[in-house]
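Both complexes shown next keep chain A, but they swap its partner, so chain B is in the first and chain C is in the second.
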Partner chain A sequence: MDYTFHWRPVFRALPDLLDAGLLTMEVAILSMVIGIVTGLLLALARLTGAAPLRWFATTWIEVARNTPALFQLFFFGFGLGAFGIHLSPYFIVLVGLSFNNAGYLAENFRGGFQAVPPTQLRAARSLGMTATQAYVRIIIPQVLRIVYHPMTNHMVWAVLMSSLGMLVGFRELSGETQFFASKTFRIFEYFAVTAVIYYVIVKVILALSRLIGWRLFRY
Partner chain B sequence: MIEVKDLHKYFGALHVLKGIDLTVQKGEVLSVIGASGSGKSTLLYCINALETIEQGEVIVDGVSVHAKSTDINKLRQNLGMVFQQWNSFPHLTATENVALAPKIVSGKSRQEAREIAVKQLEHVGLGDKLDVYPSALSGGQQQRLAIARALAMEPDYMLFDEATSALDPELVGEVLDTMRLLAEEGMTMICVTHEMGFARDVSDRVAYFHQGMMEEIGPPAQIFGEAQSEQTRKFLANVR
Partner chain C sequence: MNATTSFFTGFQFSDLGFLAEAAGRTLLISVISVAAGTVMGCIFGWALQAGRWWIEITLGLVLDAFRSVPLIIQLILFFNFFPLVGLPLNPFFSGAIILSFYTSALVANVARGGIEAVGVPMRRAARSLGMTYWQDMRYVVWPIGLRAVFPSWVGVALSVVKDSALVSVLGYVELLRASQILITRTQEPFIILALAGAFYFALSYPLSQYSARLESRWKS
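Then we have the complex of A and B:
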């Protein structure tokens, strides 16, 4: 083996890579927040909505879970582009990931809703709460606790999935790495360092979510 | 006053309530007894509209419960309910469990709601459990928490749906004592129960339900002493 490692260009690009890492975190966390809210609505639509709403939610969930995430990004990028709707690479990734997260999380949430005893809703309603109050104050907090750990896993998945962004021209961590690697041909070095950065990002997010979970769920 | 007039309820093809007529006066304690599936719990759910009805009418203080124009959330505040599965809200402390509805339903301030909660928790003997989560409470304590939670809305009526049926035998007493206390304070109560002792000692009247119909209603002395219906006598002979 006569490959000589050259780490210097990687270290020179490190500030840029770290910036891109922050962008990765930003888009992953944002897509997760949007995904949680949308996923909750999809799960509720599927469980309690009228027929058209239920079909809409089911279709969304089926597509998000059963087609490659990459195709979903391509749809929001090149697919919509064909109809003259042009999103910036940032929004392609944000919308694509949010769409995917919402679909996956909706199924988790649906399981969570079914795990909360239906009598909780009756008890809340019997006190005079409206259906919305009962869901917001009584049901959803319990659902969030039930799905919290699976949700944490999905958060990790969202971080890693954001690397697909480089294929729609988004300069997040992978895109940025690809850009530098192809400029210098130090492909192994760049991707090795980036892998470490991904690892650290995931660990930081896991530690944060453990902290948040510990703070939120005292019971 | 709660008036039930010719009430019919179906679950699909199943005819669970077959024309119930019943009036409960202010201050009265009515116990409803009968075999499982006789429709007695369903009656309670129809009174506070947790179930819809197919025919007839339920009127609480002159307001028709199932009428479209009725603000059911407002009405329910006046009809406290305690369930067989005590349904404490597991993510809230005892005080938060009780204070939540006064705060978000009645619009009381945080401080007022907390004072109400503390008062009601002391009322049911949980004054030392204010900041405890339900998971740290026994079944009997959770059921008393549920009673406090219903009382916090200051209802004129309390509906008890087999409030002691899911409890370990040694915990039944404390809940019955709390219910007895409410009865002594003059609360209007409808208690669906399997506790014949409670029905006999505490109620003003006892109703016996059989296969979706009210077979007999009368003072405890009549029901437990000289029941007029053969069916009532048979049921009581079996449970004792």
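Then we have the complex of A and C:
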């Protein structure tokens, strides 16, 4: 092996990489929040909506689950260009990830809604709550408790998927790493450090979500 | 010679052949990786379930790393690592190797779940009927465990087919890369991406529906 590892340029770039790591987390968390709200709506549409709504939600969910995430990013990045819609790299990743998250989470939520006994809704309604009140105060909190664990797994997936931003020109952690790596040709060193940063981010998110879950679902 | 030269030619019928060939390459690398990854994953899963505590901890940590680092980073990292140890591999082989290990990390958890799905009393019963450990594995654990985790294995296999799109970063021309090449030439992103997406969908949707049906049938 006649290769000398040079770690110095990587450490010099470390602050930039860490900043990019924050950007990765920002996109992942934002896409997760949008994904949760949209996913709840999709799940409700699929379970209780009128036929066209149900059809729309089903199409969304199945496309999101049955095509590669990279394809979805390319579609929002380049495919929409055919209609004259050009998104910036940040929004390509955000929209693409939110679309994907919403599809996967909707399926989780559907399972959660089906696990809450229907008598809960009827009891809430007969206490005089409106349908919206009953859903927001009675049903959805129970659903969130059921799907909390799969949801944290999906949060990790969102972080990992955001690395695809590199291929649509978004300079989050992976894109930034590629940028630096192509300046110095120290590809292995840069990506090794990035792999470690991703690992740490994932572990931090898992620890945080365990903490939040423990705080939220004490009773 | 025309007065104006166009740099772009429209989408032609022969391009479908190019896409089909690339789709074949997507299938090839996914089938190889899923097959190799499943074999390795079953061994790892068994080691996780039946091994000593230090095997469980080290193997668990290594497999967890595969699941905690984005696949695209793993691909670039190892693709650039092989030449450093004097083993330059072409994109197909390094892609297949990394996808296999990635699959094995996912399958290991599934396989472990399958072994644990078989109740301990049942396995003790098998042993006390005079079966050897491997007979117990082959005739008791395998059929029952397979039934419990087959749907999740299908899920893993389908996700690997979808993740195989990432091997394109190494320069392997699979379906998504081929569609990008065509887009660059034809400037018709919508129809080409729709074709590529339709291929993945047509492959993945029936299988996922099938496994969901199996799951609900076996549960009852």
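Miscellaneous remarks
In this text, the second predicted complex is superposed on the first by the 219 of 219 C-alpha atoms of A that agree within 3 Å, B and C clash if a C-alpha of one lies under 4 Å from a C-alpha of the other, contacts with A are read in each partner's own complex, and residues count from 1 in each chain.
Here, contacts are C-beta pairs under 8 Å (C-beta built on N, C-alpha and C of every residue); 3 or more make two chains touch, one makes a residue touch a chain.
Every value quoted in this text rests on a predicted model; they were computed, and no experiment measured them.
Look at A:Val63: by the touch rule set out above, it reaches chain C but stays clear of chain B. Using the contact criterion defined above for the overlaid structures, shared-chain residue A:Arg218 touches chain B, although it does not reach chain C. In the superposition on chain A, A:Ala195 makes contact with chain C only, not with chain B.
Residue contacts after overlaying the shared chain place A:Phe75 against chain C, while chain B stays out of touching range. Touched residues of chain A were counted for both chain B and chain C, and C has more of them.
After overlaying the two complexes on the shared chain, residue contacts for A:Val156 are found with chain C alone; chain B is out of touch. Of the two partner chains placed by the overlay, only chain B lies in contact with A:Ile138; chain C stays clear of it. According to the touch criterion, chain A has no shared surface contacted by chain B in one complex and chain C in the other. Taken together, the chain B residues at the contact with chain A in this complex read 48, 50, 73-77, 79-81, 83, 85, 87, 89-91, 100-101, 104-106, 133-135, 146, 149-150, 153. If you check the complex, the residues on chain C that touch chain A are 65, 68-74, 76-77, 80-81, 84-86, 158, 162-163, 165-166, 168-169, 176, 179-180, 183, 188-191, 193-194, 196-197, 200-201, 204-205, 208.
Put simply, chain A touches chain C in their complex at residues 1, 3, 62-63, 65-71, 74-75, 78-79, 81-83, 156, 159-161, 163-164, 166-167, 174, 187-188, 191-192, 194-195, 198-199, 202-203. Here chain A touches chain B in the complex through residues 117, 119-120, 122-130, 133, 137-138, 141-142, 145, 217-219, going by the rule given at the top.
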